[in-house]
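Please find the structures below.
Common to both upcoming complexes is chain A, partnered first by chain B, then by chain C.
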Partner chain A sequence: MAAAETLRRTQSARTTRFELSEGAFAYLLNLPAILTVLLLVAYPIVDAFWLSLHRYNLRRPETYVFVGLQNYVDVITSDQFLPSLSVTLLFTFWSTFGVLVLALGMALVANERIPQRPLLRALILLPWAMSGVVTALMWKWIFNPNAGALNGLLYSFGLISNYRSWLMSPDTSYLAIITANVWNTLPPSALVLLAGLQAIPSELYDAAKVDRASLWARFRHVTLPWLSQPILIVLIIQALGGIRIFDIIYLLTGGGPGYQTTTLGFAAYITSFVSTDIGHGNAWAYTVAILTLVIAIFYMKLLYGRGDVRS
Partner chain B sequence: MPDLSKRTFGRRAFVRLGVATGALGLLAGCAPAPPPSAPAKPAEAPKPTEAVKPAGAPTQPAPAAAPTAASAGQVTTLKLLGWNYEPPLVQENLDRFEQQNPSYKVEYEPIAGDYLVDLLTRFRAKTPMDVIYVRDQYHASWVESGFLQPLDETDEINALYADMFPYNAAQMQWKGKKYGLPYYTDFDVFAYNEKMVTDAGFDKPPATLDELRKQAEVMKQKGISEFPLYMDVSKGSDQMWDFWMYTFASGGHLLDQAGEPTYPDKDKVPLAILEWWVAATNDWKILNAQADMEVPTAGALTPLRTQGSQPGYGGVAFAAHSRYDLEADNAPERSKSAIPGKINIKFVLFPGLDANSPHNVPAWNRYYGIPSTAANKNSSMDLIKYLGGKDKSGQYYTAKRWWLLRALGMAYKSPWSDPEVQDRTSKFIADSQLMQKANSLGQARDGLDFPWWTDWYMDLQANVQQALLKQKSPTEALQASADKARALKKEWENK
Partner chain C sequence: MAAATSVRRRRLATTLRYGVPWRAVMIHGASLVFILWLVLPFGWVVLTSLMTEAESLSVPPHWIPDYITFDNYLAFLNPAMLGTQRLVGGAAAQGAARAMLNSAIVAVSVAMLNMVIGSLVGYAFARLNFRGSSTLLLVYLATRMVPALAIMVSLYLIFQTLGLLDTLLALILSYLTFTVPYSVWIMASYFRTIPRDLEDAARVDRCNWINMMVRVFLPVASPGLIACAMFAFMSSWGEFLYALLFTSSLNSKTMPIIIAGFVTDVNTSPVLMNAGGVLAVVPPLALALIFQRLIVSGITAGAVKG
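Moving on, here comes the complex of A and B:
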């Protein structure tokens, strides 16, 4: 009996000595992922911020001087900042607006019991399957001033007398990049709204019909209130994507003509990778990040303020 | 169902894990070692990816096979980095170097992305490299930053420099020291479609900008081309060379040697050129500037090579570009305006504002340099003497080969008299005397030595575009650009 007790105590001591608490065990399991995130995400973010506080240009790499927030002051007071901010905000607004209206329309159509509904839904998803770069190159060909499909189409209908440059005309360059961006980012938004539509109980529409509500009234008083949260999610995704836009600008207009389509993100790229001014480039990038953060917080407050999502 | 959160990690488990790890390590240690570096086996070089080898390619056979196993233990591996122009041809050149020099093996890494950013990152990380490509616009800042080391000035190097055109020899030096041997060099030419010019009723190409305007307007009236003139007016760190070409051809400059802008007041040429461009776009409508502002799509034919309204016609009749582009311009398989058996795209001394213009053109130089991280300078010297100078048989092998295969210009004088070179040249350049004259008129773009050059240049491009779109007057555009240059200069002087 005593021997058995001794053995039990010994085994207990063996196991207790290395026993982990529930929390510690969870951390242990997550450690690889945490280390990976720290290494690949947190470190570059902190390092980029640290670089943004230094004067550091790869053309004079021996000069590495701590300048505090001077790079941020330089960025905000530069001639390019306000025009770029204006271009970015306008681009974001019109892209978001365009996506919201079109995605809502597409979701409403795809939600109807119509023939070939699966095919329609697949078609809605198609642009999402293409990367931003491929999309931009496709639009570059569509807008080509000498052999573009858009010119060919409009010319064949007699709507234009000559082929023209859509990307480098001051009147149309903006519209062109917004069109390309809307086309590329439409599908996820349409999906979110479609999911929202499918969550609306059909009894509500039945009740509205009994009350002889018109189509518009049903949309206004049933559909829209139920879609408010999905719409907010679409607004967040689109706004944040719009603020950070780079690939479409880079491939379609290069920020031109002049500086007409130079966004904050593109200015950050030019400063970092063409001028190789890493200090100022990171300050530009952090300015974009701060702007994105402010908008994200604003939207989050709207989203969580309702209480629905949290519940 | 086991409660995973209560799972313990006992000593036995720890020991088991340790034993398993140790066993794995042991297994790895006992695994057969990787094979040693391949000896410099002078076996037959890999076949080039090019389907057809031009008749003019150097015919000199490679030297006889060198010993293999004997030298296996003494092979030095060299690392060559360059932008990714024709990697298979570069590799063929390197294969030949290894055949001639069995004690070397060269690892060649073509860089597909942004070469400048890539190299600067490697310099900072002190990545081992033995030989690298250098563009003239990087030369000064890389030397000043200590990224490159000077060549040993042997008699052999001095002899090579003595055989170069002065522009090329000067470009690769800095404060009296020599930093490389040439990869290739070239200059811009003013190309024209001879059939279109003739059909418009002119017996010779334009010599001045007034003549250019006149010929273009006649072509437009006759329906030969809607916009007979093409210019690269797109934005980018290596775009809009046309502004340099037109300015140089009329004897103008943009920056003086101290980096001070000389335009728009002191030197009137840049303003006159921009005013001409604005009028050509908006008044005479011989230039489709908005279309030309778009960065050309990769793989698309240049406007000079696109199909015009008749066989032999291009989309445009006049365009400035690199000399080496003349070869493709006149190759029917690469140009829709080419006429088989005839040189239809020719060039002329660059038209200037008046008849007394000097017709200067921007030229550029690309060379092989030795980075400061090179492990063994002598070995690097051996490689660049082969790539940028002569091979063991005493020939300018690679320079000649690049000209014969891809029309990349040679920085050396003597190979131009080689019959093979002359024969190849005559295939796409009608007047070799004119080419030699144009070669002597090449000059470097202003201010390449300044670290703020790219920032200034891209801002200049934006201002030029705004002038072409009439968002600014030419004077306002150039004044804004000059102010930017001064601000950048001051900013960098304070650093």
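Moving on, here comes the complex of A and C:
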């Protein structure tokens, strides 16, 4: 009797509460997020493509005319395209490489039972808490040609004979932006690898020790195989971030000297907002979007494979 | 004879191998290098911000200030103190207080909107069966990867049409584009870890859904909510590209724009610049240290920053 009463109550509660079907209720809950995505992301990305098919300059709006893929042809055949593409890809490659090596080392050390472990783990978050802008400020001051720390340090160790302007010379400006980016984007990668290390069962290391496997053999045959997925995730995150780099370039080198550090994204910004050439600017921006898309597809396949995407 | 040498050699190798704890030396050496790599660059910014202008410009650089001064920080509070520094970086310093306030308003608004939007969506994915749910989750994931560079022009034109340029609302709306997809992800995965018994108990008591969420579900899910708010706050606080494009006066300029003003100004005052950098880092750094554990688990779960 009491059970029946409870059941009836539960049912009536459910009907009064959910007059909507479960599916409709779910979409109602999703509505604010869907609106955000549709109005602020989906519409703009379609609109950007549409604009990239037009001749459109903000200073001469009357010349607005449909030109098909002409803007893309102009961008790809311009003198600036191949250098920008190679700057973008090389920047992404070396940043990713630098982060992977440093993050792996840091994760291995932070996984050891040493007294400074809590300190190291807390400090890993420092670059994460710093925005790209403050990171750029910091490195601009370090690379300062007169009073900068790098010149002072290298000079006092006798490694350079005279002060250099790191951000102004073609060979070092490139290294400078990579260093700043590696410093800034290290934390997520280090933490992902650390979590990967912590997931390795310790029995495997015990077994390897019984077999008298060397330190290197243990790393090569136990650690690395278990880390393959976290490493792949690190590579993808870094690649996605590297391709769209903007603030560090804008603030440290302004794309210079010359076009030495002009990435595709920086060219898109300059074309759209300095030359006010919206048509070509969006074509530049779409080259970034296409590179991103290729990597994103890899990423989603990976996450699907791990079962992270499920309903 | 040959045998004796080889024995001696082996003995030597054994002493070397076990006499010196190479592994420990390596680990401690590496940890020291990493700690210095993390601390020194920012440490130097902090040290410079405590110097007088003249000392900061000395060649070779002074590492430790001879005389510690807080004037560079006080100048941000009271621009009248700037004195001769008024010309070098003084204008940027004068706007900094307003820009801090703008940054705080934007970042807190974005964080609160994300908590609301994220918990609604998170609940739907964690508890309800509906058609197209996996497609929808995929759409959110894909949204997270859209580069800001690809939509910046269109957003600019939209805000121009709506008359929202140079308002905080434009920044708040544009920051939803990269925070909401991330919050959805964090919330959906966090809400799945909460046992269903809680809500079942609440249902018997005929609470309505919103009551149940506010009284029962969200308090239990608060670590997820805090992580979501934290990520939204951090990425909004430091955002640069949209702020550069959509703001033009102190009505809406945020702290990153002020900092950028110092960095790109050729005649900038290094001490004011570095003090500004430290001020801009304090709020997110404090949050990161307070919520260290939550952030670490959030980063590894989401595996992407903003």
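Heads up, the rule we're going with is that the second predicted complex is superposed on the first by the 278 of 311 C-alpha atoms of A that agree within 3 Å, B and C clash if a C-alpha of one lies under 4 Å from a C-alpha of the other, contacts with A are read in each partner's own complex, and residues count from 1 in each chain.
Criterion: a residue touches a chain if its C-beta (ideal position, glycine included) is under 8 Å from a C-beta of that chain, and two chains touch if they have at least 3 such contacts.
No experiment lies behind these values; they were computed from the predicted model shown.
S.K.: Check chain A with both chain B and chain C modelled on it and let me know: fit or clash.
M.R.: Here chain B and chain C cannot both sit on chain A without a clash.
S.K.: In the overlaid three-chain picture, which partner chain does A:L51 touch, first (chain B) or second (chain C), both, or neither?
M.R.: The answer is second: A:L51 touches chain C but not chain B.
S.K.: For A:G152, is the partner it touches chain B (first), chain C (second), both, or none of the two (neither)?
M.R.: After superposition on chain A, A:G152 lies in contact with chain C alone.
S.K.: One more residue to check, A:G98. First (chain B), second (chain C), both or neither?
M.R.: neither
S.K.: With the two structures laid over each other on chain A, which partner does A:E62 touch: chain B (first), chain C (second), both, or neither?
M.R.: A:E62: touches chain B, not chain C.
S.K.: Determine, for the superposed model, which of the two partners chain B and chain C contacts more residues of chain A.
M.R.: C
S.K.: For A:R164, decide between first (touching chain B), second (touching chain C), both and neither.
M.R.: First partner only.
S.K.: Looking at A:G242, would you say it contacts chain B, chain C, both, or neither? Reply first, second, both or neither.
M.R.: Neither partner.
S.K.: Pick one for A:F273: touches chain B only (first), chain C only (second), both, or neither.
M.R.: both
S.K.: Considering only the contact definition stated at the top, list the common interface residues of chain A for chain B and chain C.
M.R.: Residues 14, 17-18, 22, 25-26, 137, 140-141, 144, 146, 163, 254, 273 of chain A touch both chain B and chain C.
S.K.: Which residues of chain A touch chain B once you look at their complex with the stated criterion?
M.R.: 14-15, 17-20, 22, 25-26, 55, 57-63, 137, 140-141, 144-146, 162-165, 167-170, 254-259, 270, 273-277
S.K.: Note which residues of chain B are touching chain A in the complex, please.
M.R.: Listed in rising order, the residues of chain B that touch chain A are 4-11, 14, 114, 116-117, 120-121, 123-124, 141, 144-146, 226, 234-237, 288, 290-291, 293-295, 297, 303, 306, 315, 451, 454-455, 458, 462-463, 465-466, 469, 471, 495.
S.K.: Can you tell me which positions in chain A touch chain C when the two form their complex?
M.R.: 6, 9-10, 13-14, 17-18, 22-23, 25-27, 29-30, 32-34, 36-37, 40-45, 47-48, 51, 102, 105-106, 108-110, 112, 114, 116, 119-134, 136-142, 144, 146-149, 151-152, 155-156, 163, 183, 185, 187-188, 191-192, 194-195, 215, 233, 237, 240-241, 243-244, 246-247, 250-251, 254, 265, 268-269, 272-273, 278, 281-282, 285-286, 288-289, 292, 296, 299-300, 303, 309-311
S.K.: Chain A touches which residues of chain C in the complex?
M.R.: Where chain C meets chain A, its residues are 23, 27-28, 30-31, 34-35, 37-39, 41-42, 44-45, 48, 56-61, 116-118, 120-121, 123-125, 128-131, 133-134, 136-143, 145-155, 157-158, 173-174, 176-177, 180-181, 184, 203-204, 206, 208-209, 234, 237-241, 244-245, 256, 259-260, 262-264, 270, 273-274, 276-277, 280-281, 284-285, 287-289, 292, 295-296, 299-300, 303-305.
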